[in-house]
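By written order: A, B, C, D, E and F. Residues from 1 in each chain.
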Amino acid sequence: MVLPWLIGLCVIAFAAGLYMSFFVAPEDYQQGDTVRIMYIHVPAAWLSMMCYSVMALSSLGTLVWKHPLADVSAKSAAPIGAAFTFMALVTGSLWGKPMWGTYWVWDARLTSVLVLLIMYLGLMTLWRTMEDPIKAGKAAAVLTLVGALNLPIIKFSVDWWNTLHQPASVMRMDGPTIHPDILWPLLVMAIAFTLLFFVLHLMAMRNEILRRRVRALRLRAASAAQPGTAAATAQPAE
Amino acid sequence: MFQDLSFDLPSGTALVVTGANGIGKSSLLRTLAGLVALAGGTLWLEQGEADRSPAEHAHYFGHQNAVKAALSVLENLTFWQGFTSPVSASVFGATAMSPEAALDLLGIGHTTDLPAGFLSAGQTRRLALARLLVTPRPIWLMDEPTSALDKASEGQLLDLMNGHLTAGGMIITATHTDLALARTKILHLRTADPVSLHEEDLPA
Amino acid sequence: MDLGPHAGFIWASYGLCLFTVIGLIAWVRIDKAQQEKALKDLAARGISRARPAGEGKPSS
Amino acid sequence: MSSWAVVLFRRDLRLSVRVGGSALVGVLFFLAVVTVIPFGVGPDLNLLSRIGPAILWIGALLATLLGLDRLFQADREDGTLDLMLMAGRSLELLVLIKCLAHWVATGLPLVIAAPLLGIFLNLDPVATGAVTLTLLVGTPALTLIGAIGAALTVSLRRGGLLLAVLVIPLAIPVLIFGVSAADAAIHDPVPFLTPFLILCSLSLIAAVIGPLAAAAALRFAGD
Amino acid sequence: MSSWAVVLFRRDLRLSVRVGGSALVGVLFFLAVVTVIPFGVGPDLNLLSRIGPAILWIGALLATLLGLDRLFQADREDGTLDLMLMAGRSLELLVLIKCLAHWVATGLPLVIAAPLLGIFLNLDPVATGAVTLTLLVGTPALTLIGAIGAALTVSLRRGGLLLAVLVIPLAIPVLIFGVSAADAAIHDPVPFLTPFLILCSLSLIAAVIGPLAAAAALRFAGD
Amino acid sequence: MFQDLSFDLPSGTALVVTGANGIGKSSLLRTLAGLVALAGGTLWLEQGEADRSPAEHAHYFGHQNAVKAALSVLENLTFWQGFTSPVSASVFGATAMSPEAALDLLGIGHTTDLPAGFLSAGQTRRLALARLLVTPRPIWLMDEPTSALDKASEGQLLDLMNGHLTAGGMIITATHTDLALARTKILHLRTADPVSLHEEDLPA
């Protein structure tokens, strides 16, 4: 089993990453200690996008290669992706308050992350509303792929939209010269988050498989006592 | 869904599919119509138009009538005539009927300009049937064609079906009642293994 | 540990992230328990995966 | 255009305008939304004329998306969709035609109603013209994108809201460029043509992606 | 409350949160609408915070009304409504209970989501609190008024949009006093209590008129 | 809709309504259930609870099952038990059954905790039938009660119906098939004026 190893690695990576981000990484000369938010904000933001890529790939798996596990993978990834997106939004907002003086601005990057969250939630709802997991999987795959096309478009259009109305007033942190002291904790945390994603994704996929088995068995249970209905052998006769 | 199912059907013959409720008669017809993907196996049509799928050689006459209540009877029928394209097959000799002639033949010629919503269930069914006459296609897939028809209309339907067979067409029909068709083969579906049924039809 | 004037924001971000992660873990665990319980209930009624040979579709 | 397409187009148009059709309800909803917003925002005319284009666009967006739920559902329920799927016609083209007919029946009336509503919102003639023009170019994109949602939810009984939720993220670029083109026409210095051309190209993109994705979704819903 | 009412309430609540239920879709639509408006209006935070209460209220209005189409329709389609009509239970009370369950499942989540969305609209804590409070008091009125529309359109297949069109005029007073109470809390000089109390009384009135009218409409739809 | 229709029914007897398609059997039952307003005429129930309408003494078992797919079988049934109130009538002696017992009796006891959406058409029909057992009411109005039931379940249904009659209940049922009920009266509906029939059923 690969899972216990992954869990172990994940815990170690988090321990190391958290230690480094609080005790090794220096405070920023401009931002003070708030820069420590970065060590969770940036990995969460990365993961939010990676998760969608995983879903898009799985959707290709569903529609093109017709792999039976592909839609299981896509379905289990969605809530995790939504959670990471939520984390990126929350930490970003909490960082924005001391830095920009407001929790939220309709800045290009922020806005496209919010739209990503809505897309995750929409996909989850689609899965929830359709009873048949196979059909739901196919529908969600179509939507995921169209959304994958849409995301870069949003990113660009929002960039444009924003600068058109509100030039320069939104400032972004002009990336602190990536000093190794900052870079390392960030990378370790990123690895920890990635491991966390894989652990959760594996576990969720396993649950989803169980859920489908329960469904299958329940359907069987319903028909068990009723004779007469059946799958079929056919027998041609004159 | 199906195990060991195979049959062949010469032109001019009807295949009557029988079997218990829920055994898969309707599913078989839908598969032949190309509405459900074939999980395995092949479907082969001789003497049809080579570049078109078997489903395109067929009319599907199912439980639903595909009739729009807001359109007039004639509008409904001319739409289907314009939308579906006829298919020729060497052994099949039926010709297209005009919508009016088809409606007259089916005894609803007097309703031509009424909104289809004013028709009774049986009349609506006949309007749906008229669709098969205005665009000639060699295969008719008919799922319980006699449902909602009273005895008189049932006889009329049988005449039509026999006419289609005489013209060299094929009919595959699922039914619970006996149909007096000219040349028929019977395919009786039976359950292979009662216990394992619902595993297979998961996708509900 | 002194995190300066904005300690609240830093703790809040870490706290909320922790909270979300715990939520995710709880979701996965509870879901697993529920499905396993359902399977056990079904097995108790004599419906389990064991099926006649020659059939079956991959579900895992 | 092939003749079956014409036949289909005319049928769909007829169905929309006949009793029980959708043509009127969409415009009424548009009207209702646009009149309700001033009740919320308050009667400040400057403010209203400033956000007028946005109100019109948002109203059109919602009216279009929420009215699309029956695009394929009605045909599915009475078995028409099955027959269409097996007729061997290009499903993509079929979706395109249906969208076109739907747009003519419900999108076009929105565009035509926009100048009237512009008066309520204190828009000057130039602004009104600009909004109407952008709506004319942009609402087809909304219909085509919405068709994806309609196809995805074709088998669900509660289609409307869900469709909107699924599709709104996809429609955001259209909204952005629609409003910014309209705004550009009002505030002189900014060029009007750039966002407008982008809007046009978004419509063209939607005319490709919408039918493709919707057709795929319909095929999958079939089996 | 009599025991059948409790049974009915719990059933409706269950149905809303189970698979295929409506509880989540409403909030998502609310979120989507509130997110989409800044794309139209522009990212100016001052402007947004000024019209913030209105945006939240309009979003809640639309989410509530558009989500109501299945309130009685689902029960009608499977024959449940017939049995309820002949059970000899007070139809008015029945409507009230169903509205209550619907509000708990879909209205309350809107109220809970409102403070979060307030952040996006740059509302300060007082304003957020005021809007949330008015929504808490006002959304039941929207549900109850919407129930009339739901009963009127119970036999129509295209419920959502039509329902909204029918009911929006009736809901405008709720919107007006909701927003003005929220605005009053933000701009100190104006008294908050007056519009707020009017809002409360509107809710109470709706709790009487809504069930009465909806029950009448259902009875007529019956035969 | 009806002309010159009158009948009376002593307790312990079934009234079987027959007649051609669309003649108004279902409409008659719905009128008795109070779902369609009585255009004229009276409905009189002896020995019932005086303060409650005849409809409240009746169970209506129509074409629709009033079963929610998302609720479990037991949840569906307990809802109806909690929602409908029993009615006593002096000559009627049936007692309420517990939901579990009713499900067992009808042969779907093993599905208790499954979502009702997993049931087959026939099983759903039996779940709907269980509703009549958990709340005793003297009158059963049944519209084509045997539809979607196979032969075995049909026999079971007849046993139930006969049991209800024995307990002093009444049954009014519309049917196309012959029902082997203990004590029956037959009401045959006929069209008063053949030409005007289809005038009546316009809205299809």
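Convention: a contact is a pair of C-beta atoms (placed from the backbone, for glycine too) under 8 Å apart; a residue touches a chain by one contact, two chains touch by 3 or more.
Each chain and its UniProt protein: A = Heme exporter protein C; B, F = Cytochrome c biogenesis ATP-binding export protein CcmA; C = Heme exporter protein D; D, E = Heme exporter protein B.
Quick caveat: nothing in here was measured; it's all calculated off a predicted structure.
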Chain pair, A-E or B-D, that carries the greater number of C-beta contacts: B-D
Name the chain whose C-alpha centroid is farthest from the C-alpha centroid of chain E (Heme exporter protein B). B
Would you identify the chain whose Cα-based centre sits farthest away from the centre of chain F? A
What is the distance in Å between the mean C-alpha positions of chain D (Heme exporter protein B) and chain F? 48
So how far apart, in whole Å, are chain A (Heme exporter protein C) and chain D (Heme exporter protein B) when each is placed at the average of its C-alpha atoms? 30
Chain B touches at least 2 other chains through residues 20-22, 69, 193, 195-196, 199-200
Of all residues in chain E (Heme exporter protein B), the ones touching two or more other chains: 19-20, 25, 28, 32, 35, 39, 42, 77
Could you tell me which residues belong to chain A (Heme exporter protein C) and also touch two or more other chains? 115, 118, 121-122, 125, 129-131, 135, 161, 165, 212, 216, 218-224, 228-229
Touching residues of chain F toward chain E (Heme exporter protein B) in the complex: what are they? 33-37, 52-53, 55-56, 58, 60, 62-71, 75, 78-80, 82-85
Which of the residues in chain D (Heme exporter protein B) end up touching chain A (Heme exporter protein C) in this complex? 148, 151-153, 155-156, 158, 162, 165-166, 168-170, 172-173, 176-177, 180, 190, 198, 209, 213, 216-217, 220-221
Mind listing the chain E (Heme exporter protein B) positions that touch chain F in their complex? 3-4, 6-8, 11, 14-15, 18-21, 77-80, 82-89, 222-223
Quick one: in the complex, what on chain E (Heme exporter protein B) touches chain A (Heme exporter protein C)? 19-20, 24-25, 28, 31-32, 35, 38-39, 42-45, 48, 119-120, 122
Using the touch definition from the top, list the residues of chain F that touch chain A (Heme exporter protein C) in their complex. 69, 107-108, 110-111, 114-115, 117-120, 122-123, 150
